[in-house]
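Listed after this line are the structures, all set down as structure tokens.
Both complexes shown next keep chain A, but they swap its partner, so chain B is in the first and chain C is in the second.
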Partner chain A sequence: MHNITNEQFNNCITAFNEVLVENLIFDKEYTLTIKNNYIKKVNFDKSYLFTSIEMSKKIDSEVIRIDFTVSYHDFYQVPILNIRPYKDGSFTALNGIGLQIAPTVITALTTHHILQKTWIEVHACETLEALQTLPEIYGTTVDSVLEYLCCWFGFYGLPAIFPNIRFRPHLYM
Partner chain B sequence: MSTDNKIVKFTPIQSFIESSFFIKLSQLKLDKFKLDSSKHVITGFIQHPKLLNRFNDMPTLNLDQDSFEPEQVEDSSKVFIKGEIYNVNTIEEFKQIDKLQQLTEWGGQIYESMKTVTTFDYQVFNQFYILSFSDLKKYKFYYWVAYPSFTSKWSIIEEKQQSDDLSLVKMIEEKINQLGENGQFFQLVDGQLVDAPETDQPGKFVFVDTCLSKDKKPGSQLKNYLYYIALKGFKTIELMIYRVDGSTFSYKLQLEKYDKVPKTITGWERTSQGKLGPKLADLGSLIDPNQLAAQAVELNLKLMKWRIAPDIDLDIIKSQKVLLLGAGTLGTYVARGLLGWGVKHVTFVDNGRISYSNPVRQSLFQFKDCFSDSGQGQWKAQRAAKSLQEIFPGVDSKGFNLEVPMIGHPITDEPKQRANFETLCQLYEDHDVIFLLMDSREARWLPTVLGVAKNKIVINAALGFDSYLVMRHGSLLQPQDQRLGCYYCNDVVAPNDSLTDRTLDQMCTVTRPGAALIASALAVEMLVAILQHPDKQLAKHVIVDNNKFGSVPHQIRGFLHNFNQQSNLHAPNYKYCSGCSEPVINEFNTSGWEFIKQCLNDSSYLEDICGLKQVQKEAELATQSLLRELELDTEDYEAVDVDADDEDSEWLS
Partner chain C sequence: MNFTGASSSATTEIKRKLWNGCINIKVVLPHDSEDIEYLINIPRNSYLPIHFQQLISYFQNYVSYEIYKQALWFEYEGVPIAWNLPVGVLYDYLYLPSVIQERGGGGLDQNCWTIQLNLRGKYPAEYIIPFVYTNPDNTINYEQSLNEIIVNQLKQSCFVINGSAKPIMNLSESNSKLLWNSIVTRNLGQFTSLNKKIIPKQFQRIPVKIYIPGSTTVIQAPIHAYEDDKPVTLSRVLQRELPNLFTNDVKLARTYIHGIDISSIMDMPLHDIWTIFRHLDNFLYIIIIAMS
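Right, the complex of A and B next:
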């Protein structure tokens, strides 16, 4: 797949957001609810998608909240996911919220490249190279940037950290 | 569809305050507001009505890190709303404020604006207020958001599920796309949407809904517009509730009741449990630097587990209690290495003060430490412990000013030296790992004995001028044929006073500075290797081990003159060793301080106990025996060459 630019990201983020909120599923004993979702513009022609999801267990009242942003990282030239997990209203380390964590994901507690506050980040050091190895899908009417963002989210988005969160949009139907 | 006497009901607004809002508030409180609890204007936003989706079933007021900024970045996907925050200074003040009185006061401000406003300016009708208290010690934020609302009771005469007026819908869509100051509420006058009330015209209005609630209750922002048009004299109205998803509906409403001067003002936000009360944001783990550092250090270490060493047990490293005997060059660097590995409990033992030569080589000390404490210089152990906490507050570090009793240095003050001995014994009990990092050979003897007697992990690092040794001590629990030696196992004499009558360069460790860094790093990594080995300190010496974290050598010797390092050396336990042999440990276990006291006073006593004296005697006898064997028979000699007699007797003597 070809790399995308900040401008392409900005132009497509609303369309991606529509696909995202309709296709996030938690496939285990939790019910996933989207509590908040918006795209915000900030200075220097940057924008980010903010979403807050809540996962409540069907059998008890335990509620896990995950806030996340999707933004375009100019240095790594790829989209990047930042998250803040909360349990009982308190920011909690990834392994403290009680969800299964993928063993291969590389995360760091670091300063959000746009919001300048502490967030957990899925490290973007390999994203560019990995996405370039994905084949282009020809002959579809789907916007190639949207396709790219959906692929990226599958590999380096929420499902990359939480294997029980599924994102399998039906782009080509 | 007719609905008799049904009253219009609303979907309450909910606030969504992103944690960054409170982080910003805490910074402003510390740097700018300080004790100022007067109002501060802030900006929130709601999602633009054209972008609402099925998840927006409640109107949501968002606040985030930009809410305190005077100007917002232009963003057509948002409707920005002005509000005010009152951040009081104490929780008592928060409690004591009469909440109803406060709401009435805020509502009064909106009411005054309503009396003068000439348009349906949403900035007037949507104002919000926050009462908050920031507990900056615990990073807890108590807050309560209010949306002052005026009550006017409207009964529903008729409700239509969908509007069939497509041209009107199109007009609304055009209007909200150009959203300026107005755009939430319109009057329909002569087929046109107007932004101001026209009382001589029929009461046809449009409210652009702020949520897509499934039960068709419009967002509670509508309340103030309805009160306003009641105030303007409308009694019967037609109201279209426009929604972007096509679920637009219309009411025909009859005004039942309203107060010209509002008596009751509502609008305090309810909690998620439906209670009228403040909310709490506990952001300790997100703002508190101590908690952030703790998390970041742990996450950093965990990176190893992702791919490079997935089986590594970080918890065992984290849980070790480590005693560092010596807080000098080796001690301070070892402590830094342990900190890097996430060790949380480090104790220093040293009896010296920081001198002017120390800070350049000893990484936990600074220049000022050389002359503080009334010009004497700080105690090394205590200062090292404090420095470690300054680097990482999550570490539990302590320093003990303690002279470790040294063999060959006779007892001069028994109560004091015995107390030191007992403190050292207790420290051994309280720790899992002991590092021997002192600057003399004899200072390591008692710690060696204690380490074997109490079966602790003991790692010893020692420096020469351009050489270093890092080794682990063997354990009595190792099988006899695999038992590894200690620092003294290669000696045939007991350690003795090496300091008296020595010059300064002989007493101090004169070394190439880098040797200490190398040895310290190796000592720490050796500990980690031991901890990852299934047999821990009982692991036998194997050069190539398939253990998950590599091999655990017995000793590493390095030479800087040729940059050579050997880690395949090992020395088995010596059964007459003065530090770790069974007779010594047995005697220590039986007699404790009395045994130690005698050893300190006279190292030949120790040589007796461990058997070295016997070895020395046997060696002496063996030498004499060898000499006798080498002697020539005098008679034979004389027979060979009489002339050589004088010369040879001189040589033989």
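Right, the complex of A and C next:
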């Protein structure tokens, strides 16, 4: 796959958001609800997608909240996921909300590169190289940047951290 | 300051002076009806947590609760201070604008930055990174959190410089430890020698972070060292990134690196400026202060 630029990210983020909202599901005993979702443009040609999801258990009243952003990281030249899990309304550790976490994912507490506040970030130093090894799907009418973003989100987005959150967009139907 | 055409010994001398540059900080702990104060001199390219032990040892004499078991955090004018930035960058971003504004006014101590230490009350984890590691005796392991942050910063700058983070990820465990140790113990020779393993002779891009006091936006700019076979200058970078403040004819802001107004070297190649002024994480931190 080709790399994408900040400009391409900005141009495609709205289309990606539509796909994201329609295809994000939780496959276990929780019901996933999107509580907030928007795209914000900020200074210096940067924009980010913000989403707040709540997962409520079907058998009891336990509610888990996760906020996340998708933005373009200028240093790593790839999209990046930042998340904030909440327990009882307070920002907590990744393992503090009782969801299964993928054993291979590498995350770190860091200052969000746009929001300048504390978020958990999925390490991005190998994302560029890894995505370059993926083949592009030719002969479809799907925008290649949208395809890139969907592919990236599958490998380095929420499903990469929480295996029970699925994102399988029907892009090519 | 002008080091255009400076000899290598002059460059070495500038680097040595930058390495030794320090900030006077007055740490104030509000306690009962009076403030407890501690004066500390911290190198500009150091980090606050490296000096926590010194502060804990002092302030523990004055309070009855165990300071070791709660996370220290600081604030300046009500704003929590991010410990993950170099102390000199924090000073230039948070305090230098007031110093410049007050220069000659006499209302501000220009030689000492006063910050407040907070020991009790809720740690503002949403604003500054929490310390999540503890030692076996339940005291807070500040060093591990700082190490994690700096290594991540080094990976990021390494990626920008090399196009890959592999040079730092391929460092042997012993060299990684030595690199970290050289930062904590401020061993310039050891740091320089290990840092050379991360930085190649041929650059992909130069890692630059631009801070504008009063704004929460930080510009993360990976800059190509050459454009059309010509070295890119700092002027060019600022005109492109901040066209409202920097044009060919008008400059509505001053540019500071390591607390130094670098207006006189704006037309130097950015690569030369980075080589001399970069911080321990290999980023060039630039502070832009708008002129009133």
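In this section, the second predicted complex is superposed on the first by the 173 of 173 C-alpha atoms of A that agree within 3 Å, B and C clash if a C-alpha of one lies under 4 Å from a C-alpha of the other, contacts with A are read in each partner's own complex, and residues count from 1 in each chain.
Everything that follows uses one rule, which is that contacts are C-beta pairs under 8 Å (C-beta built on N, C-alpha and C of every residue); 3 or more make two chains touch, one makes a residue touch a chain.
As the structure is a prediction and not an experimental result, all values here were calculated from the model.
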Request  = Following the overlay on chain A, give me a clash-or-fit verdict for chain B and chain C.
outcome  = clash
Ask   = Between chain B (first) and chain C (second), which does A:65 come into contact with in this model arrangement: first, second, both, or neither?
value = neither
Ask   = Of chain B and chain C, which one contacts the greater number of residues in chain A?
value = B
Ask   = So, does A:91 touch the first partner chain B, the second partner chain C, both, or neither?
value = both
Request  = Check the residue A:21 against both partner chains and state whether it touches chain B (first), chain C (second), both, or neither.
outcome  = first
Query = Who does A:52 touch here: chain B (first), chain C (second), both, or neither?
reply = first
Query = Can A:43 be said to touch chain B (first), chain C (second), both, or neither?
reply = both
Task = Mind working out whether A:125 is in touch with chain B, chain C, both or neither, as first, second, both or neither?
result = second
Message = In the overlaid three-chain picture, which partner chain does A:111 touch, first (chain B) or second (chain C), both, or neither?
response = second
Ask   = Which of the two partners, first being chain B and second being chain C, lies in contact with A:103: first, second, both, or neither?
value = first
Request  = Under the contact definition given at the top, report the residues of chain A touching chain B in one complex and chain C in the other.
outcome  = 42-43, 84, 91, 93, 108-110, 115-118
Query = Which of the residues in chain A end up touching chain B in this complex?
reply = 14, 18, 21, 33-43, 50, 52, 67, 84, 89-93, 103-110, 115-118, 120
Chain A contact footprint on chain B (complex, rising order) = 16, 18-20, 23, 47, 51, 53, 55-56, 60, 62, 64-66, 73-75, 77-78, 280-286, 292, 295-296, 298-300, 303, 306-307, 310
Request  = Please name which positions on chain A make contact with chain C in the complex.
outcome  = 42-44, 73-77, 84, 91, 93, 108-111, 113-118, 123, 125-126, 129
Ask   = Which positions of chain C touch chain A when the two form their complex?
value = 82, 84, 125-130, 132, 148-149, 152, 155-157, 159-160, 164-165, 169, 207, 215-222, 241
